[in-house]
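To start, I am sharing the structure in question, which I have written as structure tokens.
Naming follows writing order (A, B and C), and every chain is counted from residue 1.
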Amino acid sequence: MKITTMLGDVLRSLLRPNSTQQYPAERQPDPERLRGKLVWNGEKCTGCALCVKECPALAIELITLDKAAKRFVMRYHIYRCTFCAQCVENCRFGCLQMSNTDWELAAADKSAFTVYYGKEHDIEMARSAQAASTKPEPAEG
Amino acid sequence: MPSERFVIPIGPQHPALKEPGHFEFSVEGERVTGATVRLGYAHRGIEKACEERNWVQSLYLLERICGICSHIHTTAYCLGVERLAGVEVPPRAQAIRVLIAELERVHSHLLWLGVAAHEAGFDTLFMYSWRDRETVMDVLEGLTGNRVNYSANVLGGVKYDLDEARAETIRKGVDYLEARTYYYLELVVHDPVFVQRTRGIGTVTREQAEWLGLVGPAARASNVARDLRVESPYAAYDLFPVQMVLETAGDLEARVSVRLKELFESYRVIRTILDKLPTGEIKGRMPKKVREGETVSRVEAPRGELFYFIKSNGTDKAERVKVRTPTLCNLAPMMTLAIGHQLADMPMLLAGVDPCFSCNDRSIVVRNAQEAETRWTWEQLRRYGIEVYKCKR
Amino acid sequence: MQAVIALLIFPGGLCVLLLGLAYEWLDRKLMAQMQNRVGPRWYQPVADLVKLLAKQETMPNGVNPLLFIGLPLVGLASVLTAALYVPLVGLAPSYSFRGDLIVTIYLLGLLTFCMSLAGSNTLDRFSLMGALRALTQLFSYEVPFLLALLGPALAAGSWQIAEISAYAETHWLILTQPLGFVVALIGLMGKLELSPFDAPEAETEIVAGALTEYSGRGLALFHLSRDVALVVGLTLVAAFYLGGMANPLWFFGKTLLLLLVVSGLQALFARLRIDQTVGLWWRYGMLLVLLQWLLMIVWR
């Protein structure tokens, strides 16, 4: 029959500041291994598409513009991504990284959730090709 | 006297339940005279979906069966698939798997303690235990990058290695948690009001527990020696053996203290692994296709025995994945036990087995004898689901 | 004119309502601090009240509309009336007559009764269960609570709150009647259905108890009544046992000290089952208060 054990803790809590972190105002450093937004650096990409094949959420598309000249564009759908980093595991050339600083990905506009990676000129090409083809977006879910 | 039954519904939406499940308790005054359960509100068709995904994709889907014990689900799946494929997993990877599994157990049990305290109206204990749980969440985040759904497992090994700096953080966290766990154990055994709510409530004798098929801490509270980490050590549990924690009383208090005492075992195993981590690789080579065959993979989740049946047909997709989670074994016995208790004890009794409804709810086939058995493809199942919800709206 | 002001603005009416909201906030904030949380902002009770008052009230099928609307009003009216007889803010009670102690205690009891009636008025199972529990609890704490408050009356030789309070200014009854003080304070917690005596509204079992079906104005009024009852109850206990209510400073000092103790007790315990509550009051509460009376009579 001990009431006193809890009493001590309660009284101590009364005197010390609470342990809630006021998130947007108060921030902890980002953990080193935090898996945030996927970043693709296409310089060494060979277009093997292993990342695409094993993505559990079908969040990445690799658009091949010219296989021989190694011109690829990656289309990344953030809203589908489960941030499992399997693509990072799969890439043998270290082209893919998950940012540990860029993780506040909320946006008010849907277009922010589709990101293109690649050379600017290539992205333009991929975008226009995408607009020209009547292929509808694959259904969600 | 009352001829009509007065039924108190709990769920699918109810402040006591954080997940949808439906319980009906018929009461006479405050005394419960009957109890039924209805599950299936959180059915997501995961098992069927696994048949449409390749081995790697299924891994991340299965991780999402349960938010609290995500790692143990992937461990069970990985162990099964690796056995089927005949892949040798390096001992270091196995040890890291066990390490994360034990950290997950710590987080799960502390979470459960808070929930149980909340069900008993003891919100201060609830707040304290969840505050302290943040420590283990931070440790897990530092180790794997995420607070839940660590996705530390890959087929053939683990993604994340452990270095000395991280080991030191884990040691510090574990030291703090161990001191707190002593305090909680003291509290739940001695606090007069909390003890009144737990002692002698929902007592299961050893014979009953064996007969009703309880698993996990609920069974160990009734002195049934059932712990797969001891009985059939998987992953690295043969290198880092665990002592089984048993209680004899079989009531709610025993279920609380079994879980808390188990935590000390977890802390010890975590420290041993940190000290004696095998060296070497953390990933084995995994083929894309898995040779034909079937296997059963059993692991000890924080809530009890987790069972995976995996069948391969030689392609890059599974032919069948069947999951049986511990909650399913533990929930039905509680309905038998409920009768004769007070209505006020019901949330505590349910919380006592640490139910996880979304773990529970997977495919159920209701066979109609008149009709030939039909098998649906994933696409048909998806269409059906969409139609049903459109009609409801 | 003065009577109208005393009734509607100060120290009755508006002043009591604002005090009630302030004390509710303080209680919640103290609880939060003891649980290591942030807790509500200072305007949260007012914001809740405004929100609830503006919300549409849904009247479920099968209720008596007169009772459904009338009971919150009667409840609030009863506690506001009770506030007129106690030395609020350290001033002399606005109204006073011989035997007003009994009237005050029963006006406070009327609130619980209104809530139970409101619960039994609906067909909802949680409400019925909550009403049943609230009444059960009423029958368990009411007698010890009443006897504990009659102890000072006996010592002062008067049943008039103003006279007992004046007597208490020279006699700290907490020293001569410690058992009575404990029972009165805990009885107050039972009356206000605070944890650990919150079985009538245990959210993990019966959602919101008797008030489950109330959503708008009715709920706001019931909450407000409970806040006022908190102030009135704390004033009563402080005036009787903690050396009277000579001036506003003493009033705030003493009631806030009691509030701190009440919040601490709320944080310390798990919820009691209704059978345990009844057992506690009749086995221990009653015994303690009778022992106190026996000691008092022997002392004389």
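Keep in mind that, in the parts below, a residue touches a chain if its C-beta (ideal position, glycine included) is under 8 Å from a C-beta of that chain, and two chains touch if they have at least 3 such contacts.
Only a predicted model underlies this, so the values are computations on that prediction, with no experimental measurement involved.
Chain contacts here are complete: no pair of chains fails to touch.
The greater number of contacting C-beta pairs, out of the two interfaces A-C and B-C, is seen for B-C. Put simply, the C-alpha centre of subunit A and that of subunit B have 28 angstrom between them. Centre-to-centre separation of subunit A and subunit C, using mean CA positions: 54 Å.
In this assembly, the C-alpha centroid of subunit B lies 44 Å from the C-alpha centroid of subunit C. Multi-chain contact residues, meaning those touching two or more other chains, occur in subunit B at positions 124-125, 128, 131, 191.
Residue positions 34-37, 267-268 of subunit C are each in touch with at least two other chains. Contacts with at least two other chains are made by residues 3, 6, 10, 19 of subunit A. Those residues of subunit A lying in contact with subunit C across their complex are 3, 6-7, 10-11, 13-14, 16, 18-20, 22. Interface of subunit B with subunit C (complex): residues 6-10, 14-16, 27, 29-30, 117-125, 127-128, 131, 191, 193-194, 196-197, 342-347. Residues 34-37, 125-126, 129, 132, 195-196, 198-199, 202-207, 267-276 of subunit C are the ones touching subunit B in the complex.
Per the touch definition, subunit B reaches subunit A in the complex via residues 53-54, 56-61, 63-64, 124-125, 128, 131, 134, 141-146, 149, 151, 154, 159-160, 183, 186-187, 190-192, 382. Within the complex formed with subunit A, the residues of subunit C that make contact are 30, 32-39, 264, 267-268.
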